[in-house]
Amino acid sequence: MKDFILDYERPARIGLGEAIFCAGKTPAQIDAIIADAERRSSLLLTRLAPEVFATLETSHLLDYDPLSRTAFLGPVGTPDKASLEIGIVTAGTSDLSVAREAARTLQFNRSPFTLIADVGVAGLWRLLSRVEDLKRMKVIIAVAGMDAALPTVLGGLVPGCIIAVPTSVGYGVAEGGHAALNAILSSCSPGILTVNIDNGYGAACAALRISHIAT
Amino acid sequence: MKDFILDYERPARIGLGEAIFCAGKTPAQIDAIIADAERRSSLLLTRLAPEVFATLETSHLLDYDPLSRTAFLGPVGTPDKASLEIGIVTAGTSDLSVAREAARTLQFNRSPFTLIADVGVAGLWRLLSRVEDLKRMKVIIAVAGMDAALPTVLGGLVPGCIIAVPTSVGYGVAEGGHAALNAILSSCSPGILTVNIDNGYGAACAALRISHIAT
Amino acid sequence: MKDFILDYERPARIGLGEAIFCAGKTPAQIDAIIADAERRSSLLLTRLAPEVFATLETSHLLDYDPLSRTAFLGPVGTPDKASLEIGIVTAGTSDLSVAREAARTLQFNRSPFTLIADVGVAGLWRLLSRVEDLKRMKVIIAVAGMDAALPTVLGGLVPGCIIAVPTSVGYGVAEGGHAALNAILSSCSPGILTVNIDNGYGAACAALRISHIAT
Amino acid sequence: MKDFILDYERPARIGLGEAIFCAGKTPAQIDAIIADAERRSSLLLTRLAPEVFATLETSHLLDYDPLSRTAFLGPVGTPDKASLEIGIVTAGTSDLSVAREAARTLQFNRSPFTLIADVGVAGLWRLLSRVEDLKRMKVIIAVAGMDAALPTVLGGLVPGCIIAVPTSVGYGVAEGGHAALNAILSSCSPGILTVNIDNGYGAACAALRISHIAT
Amino acid sequence: MKDFILDYERPARIGLGEAIFCAGKTPAQIDAIIADAERRSSLLLTRLAPEVFATLETSHLLDYDPLSRTAFLGPVGTPDKASLEIGIVTAGTSDLSVAREAARTLQFNRSPFTLIADVGVAGLWRLLSRVEDLKRMKVIIAVAGMDAALPTVLGGLVPGCIIAVPTSVGYGVAEGGHAALNAILSSCSPGILTVNIDNGYGAACAALRISHIAT
Amino acid sequence: MKDFILDYERPARIGLGEAIFCAGKTPAQIDAIIADAERRSSLLLTRLAPEVFATLETSHLLDYDPLSRTAFLGPVGTPDKASLEIGIVTAGTSDLSVAREAARTLQFNRSPFTLIADVGVAGLWRLLSRVEDLKRMKVIIAVAGMDAALPTVLGGLVPGCIIAVPTSVGYGVAEGGHAALNAILSSCSPGILTVNIDNGYGAACAALRISHIAT
Amino acid sequence: MKDFILDYERPARIGLGEAIFCAGKTPAQIDAIIADAERRSSLLLTRLAPEVFATLETSHLLDYDPLSRTAFLGPVGTPDKASLEIGIVTAGTSDLSVAREAARTLQFNRSPFTLIADVGVAGLWRLLSRVEDLKRMKVIIAVAGMDAALPTVLGGLVPGCIIAVPTSVGYGVAEGGHAALNAILSSCSPGILTVNIDNGYGAACAALRISHIAT
Amino acid sequence: MKDFILDYERPARIGLGEAIFCAGKTPAQIDAIIADAERRSSLLLTRLAPEVFATLETSHLLDYDPLSRTAFLGPVGTPDKASLEIGIVTAGTSDLSVAREAARTLQFNRSPFTLIADVGVAGLWRLLSRVEDLKRMKVIIAVAGMDAALPTVLGGLVPGCIIAVPTSVGYGVAEGGHAALNAILSSCSPGILTVNIDNGYGAACAALRISHIAT
């Protein structure tokens, strides 16, 4: 009996490609999943640590990115120009690995996107210089750790849908990203949405669900 | 000098009507805000407890709903039929006060909506009997407390954007809604979004931001 | 004086074979326990990490399984066909190491069991396709991490006794399994039981206690 | 549209009578539920606070017990002698309200039970004097707050299935029952099961699920 | 023997007038303290709840402010113009009771101050319109609840010393002010200082310690 | 069947008089306990809130102290001069209710004691002026809330046995006494012992156990 | 300037030999401390990890025990027969490293002791067979992890002073020892004392303080 | 597009040199930042772990200190004698790495400072022997872990501004520094300020902001 059941009908049912969360799976389990999927479907792999990737027998089949710890199985098409362009902004440079997980998920699902890095509000001029660009974006994934003040400021400046992603960057009370998550959930700006800490994949999936409404 | 600064430009800037969070404000402060706003703007008041409402000098100016603890100042128009219809579902009857805060926020902003109550997945047949309706909804606010399993099941069944609202219904480890919030943030379904515990207002504002994209 | 006291009367007293929790014990202590038990009793060893197993002087005496980190000392009989068959289900592939700890504990105690993997409710069709099988099971060990919604849905569908095991699979607020545990404890389904996070051994012992009632 | 959906098929599906969790519901909602159920089904109401009970229009239809905050709607039959007798033990007198919630749930479902109060292990002789009785019980609901050491000691003495219920009795680190819950989950005795803090109802439902296996 | 020891030498030792924290003291204890101090010293009383104030026998000796729950015993001089002027800013109107505790503490110690209310960064224009004023302030007490993003933005805009006071305004994860406190401690702006949640008194004392350096 | 079992043999077994923890018990249960004990034993009642005391039918039998919420049933003898004198010190006036629970427990068990109030180390001179007295005390119960720095300083100054009692005095992060408890547990002074938050009764019982060794 | 100040007067002041907590110190700092103390005093070193010990230049001067991670600098005398004999009991074998830290601290301070291992109450017969021995002990250090039920049971059986040491043995909710600590603090047995998790050193110091009273 | 935006105007705007928090950044990102800054500005790098420093291509450009994990890029001037001298005190030797992060930040910004190590209040004489020195210091950074009682005692003895830095030294409930942080926030001494756990950099920046007021 197999240890897993892949959901090949998921794109038809909810519009998102099948993805595998690799943390907690053994290399043998991941190899078996890839073997199952190889001929039937493309696949997004997330949380695939470099040291696990290195031990996979199927690693040659994958397009792997170590910063975001994601891999693509199978061909990934070009962005669909008819789709909404999704904005991704980060508060700091340390948030980029999470932002890139979101970006890779969008790429896998053929959604166009723009990434703007390091515009945290401790240096407010960096954000204010980009406000006009941000006002034009309909969906913005805002990636921020530590005090995660960026989504709140952004939420008061732009009318688009904001999906905040808290990151686990930081130490002391910021360690693990709980301070960032709670700050976002407590935001004084109306209508800020969020996902789990470091969940760039989930933020991108939500952006895709919204993009599908508008297109 | 005034104790408050109302944001009359907010609708123009981000498309959401001005709202006042009343918890933590004295009746005198709320009365002063209402007096300031009365001739210039309509206003949504949230977290206005019945016992505070009863002591307001300006209570006669308000359209008050005790279940959701919300009030409208000024006329509220009819739903804008060109807008997306927002779905609101609740896992249980106890989640209705939060669902109604969302509904009142949508009503204040002239958004159409449909509310489906008590379809929690501990009695799965209740949800399955409504799946076809839910598949047609582009944005669903899913209100659930305790283990908050509803958004996860829903997220695997329908393609729309799901905004989950954890509620503080429950006792023991469920008290305060943290178990529900954490379950939602940990959801195995891709692309589930969330807001703070009991934050029906915030979920509705997010739904409005999304609705504005699509219309 | 010895550092440990083995409980050779436990099977007679409570019907469960003696087991040793190896985490926190030095290899020398484990070796001494095995030497003490070798001629008098069979023994189940749990939480025996591969790197500790590799350093044991008595490792050649053990039947070791690295995925579940369990070992058997002494012969283990065939399943007792007169016993209840215990069901084990997992929400995901990552939950298999915990499920296997339960399965090995059942095997050690000669209880028959069936394991069904990867039927989490984010893809509800996977569970629904097995409902008839599950309705026939009298005792089900349901292993689930992250939001752990599986036991709740199961609890509304089947009449059997459900022992949920939260797992530490996940990240962010799911890290360590506390979100899963709290979701299970807050379940809206009546009569869901639980044990500590990742405690496949304990769930199996409870299933055996129940099995002894019925047989 | 109704605010609630009663599950009249639940007894057929999972063998447990329909029950309503009243905390978080308004008196009007509870009255409406009772009116809906009155002619079709008996009903168990839990967490019905005395001050809410006093304001119900339908209170005359209920058999109410203030200590356990439970009520019965409709006739409740005599215990079914063919069923297993369930044991209920409490560590202290303060745990009796929770024990009684369990007892009333068993009574509502026609299960026989025996309650033994105040046998906590800080005075071990109290428990030891009852060990022979307890060894004969197949299912024991063990209700304990504070350090909740009772289930651990019991688990080493008797072969039956033990469902521990942590209670919120206590102050300081014991407040809210989390210390009791965590002690139970960490129990050194093999196969101790648990439910949410103060969840006498859930423990009884689990006992009924087990009782149905054996009969 | 007396239940208390007043510290009449404190002004000489550390430059701050004696203050009494009234929460947790009985009215009789507070009355005895006031009787002891009456002829020898002026006194600041903090956390003196209106319902306790109303039962004091010595209430006629006090200058009481209910919003901040503070009282003065004895004459309070006019501000010392040679001192630094301390700025107090609040993110919202609900933060005013804490801001006022700070202001009353400054007044009691004869420090000049300016209070600017409701300039939270969810409506950034409110803060930006006051930036020039804030740049001139050498010490700023920044009072903010919920996500407490104000101190971070302020810290990047102005060179003065910023003492952030998290407030317990909010609900869900913001309840009790822990999200605000943690956001402040995690601030990306360099050199933001903080005190306990709602501790307007402590923030003012710290501002006075700094003011004493500069004058 | 009775709801309680009194432990009349406890003094003989462990040297401490029987005591009843009243929180969580109904007045009827407390009355029944008192009726049971009245002719056979004296009794200490703790956590007996004034509003519960006022409703007892047996209140006329009790020697009640509202500050410590304790009562004596039956005659209490004079202090036993052959026993060690126990020292009780408090950091602040607000800690007196807990200190008095300890004092009343000592009095009930006929142990001599001395209480020194309000010597917290934020005003170090208060403690230093009493150091010689404290050096002579063999057992000191040190009651302190908030940052609870007193036991640490004391532990470095005196050779006696120090039993620290954290109190729930305080707000923000100090609320509930957890900061005080954790500070005590983390003390840099060697050999500081502790009990639960606000547990003056437990500290006194421990002091009695130690006193019995020395006498 | 030196990085440390040794307290050579401590034995005279509080009766305990100087000890160094090595965790968080660099090898160079530890070497410098040992060099400073070498000629003037004996020294106890705690939390000296094997991998740090291995890098010390002064390791040849030390009597090192890897299980307890303690070392002695300088000669340690034989036990002082006039002192109280301290009992040390452990609930399990995994608690031995902590018990040994206590034992080594007693040895360093020349106190006699007896260690009884693996008498946890999940197998109650193990404890009951030793009760008469334990009743004779005046001070007992009870080391227990997981649910830490041993001190509670012991406290009801014996009259001596009980110092419970929670250990960090365990996983899930038991991880880090917080469940054990909280269970001990919540103990239903009167007069159980405790110290920080895994703090065998502190428990021994407290036992020494008590021993000094009695001798 | 670059992954980072350096803030070369920060010294002019808020008076503090640009600093880079290296934790969470890849070596490639840090190298790119250094390359960008090399010709335009000096730079402080914090949280630069030795193993990351060792892999930098630009490491030869840096003045690196492993104890504090800080590096300077570019020339650092001599202390500005016109500035306030900042005091740094530590409770223990283990707090020195954090104290040194503060010292290096002061050095980078050309502020004079004095460091006094190991004066924790468990050996009070160490602090008392330095009180006169400490009374003369206008700003004191007090670094303390575990129970962090030092800032409280200091705050009652000296009139200067005290910035307490909790450290993550410790184990059990002290682990991670939360007990120290909460003790500081709960301090009974008036006007103690704090920053995040281990945040020597932030404490120094705050001291610099204050120093700029006075000079």
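When the chains are written out, they are named A, B, C, D, E, F, G and H in that same order, and each has its own residue count from 1.
Definition applied: a residue touches a chain if its C-beta (ideal position, glycine included) is under 8 Å from a C-beta of that chain, and two chains touch if they have at least 3 such contacts.
All of these numbers come straight from a predicted model, not from anything done at the bench.
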If a chain touches chain E and chain H alike, it appears here: A, F
Contact-graph distance - origin chain B, target chain H: 2
Interface with more contacting C-beta pairs, comparing A-H to B-C: B-C
Chain centre separation (chain E, chain F; CA means) in Å: 34
Euclidean distance of C-alpha centroids - chain A vs chain F, Å: 55
Distance from the mean Cα position of chain G to that of chain F, given in whole angstrom: 26
Shared-contact residues (touching 2 or more other chains) in chain D: 123, 155-157, 170, 172-174, 178, 181, 185-186, 190, 196-197, 199
In contact (per the touch rule at the top): chain pairs: A-B, A-C, A-E, A-H, B-C, B-D, B-E, C-D, C-G, D-F, D-G, E-F, E-H, F-G, F-H, G-H
Residue ranges of chain F in contact with chain D within the complex: 1-5, 7, 9-10, 21, 23-26, 29, 33, 47, 166, 168, 176-178, 181, 196-199
Residues of chain C touching chain B in the complex: 91-92, 120-124, 146-149, 152-153, 155-157, 170, 172-174, 178-190
Residues on chain F engaged by chain G in the complex (per definition of touch): 13-16, 19, 84, 138-139, 155-163, 181, 185-186, 190-197, 199, 201-202, 204-210, 212-214
Chain G - residues contacting chain C, complex: 67, 92-94, 96, 115-119, 123, 125-126, 145, 169-175
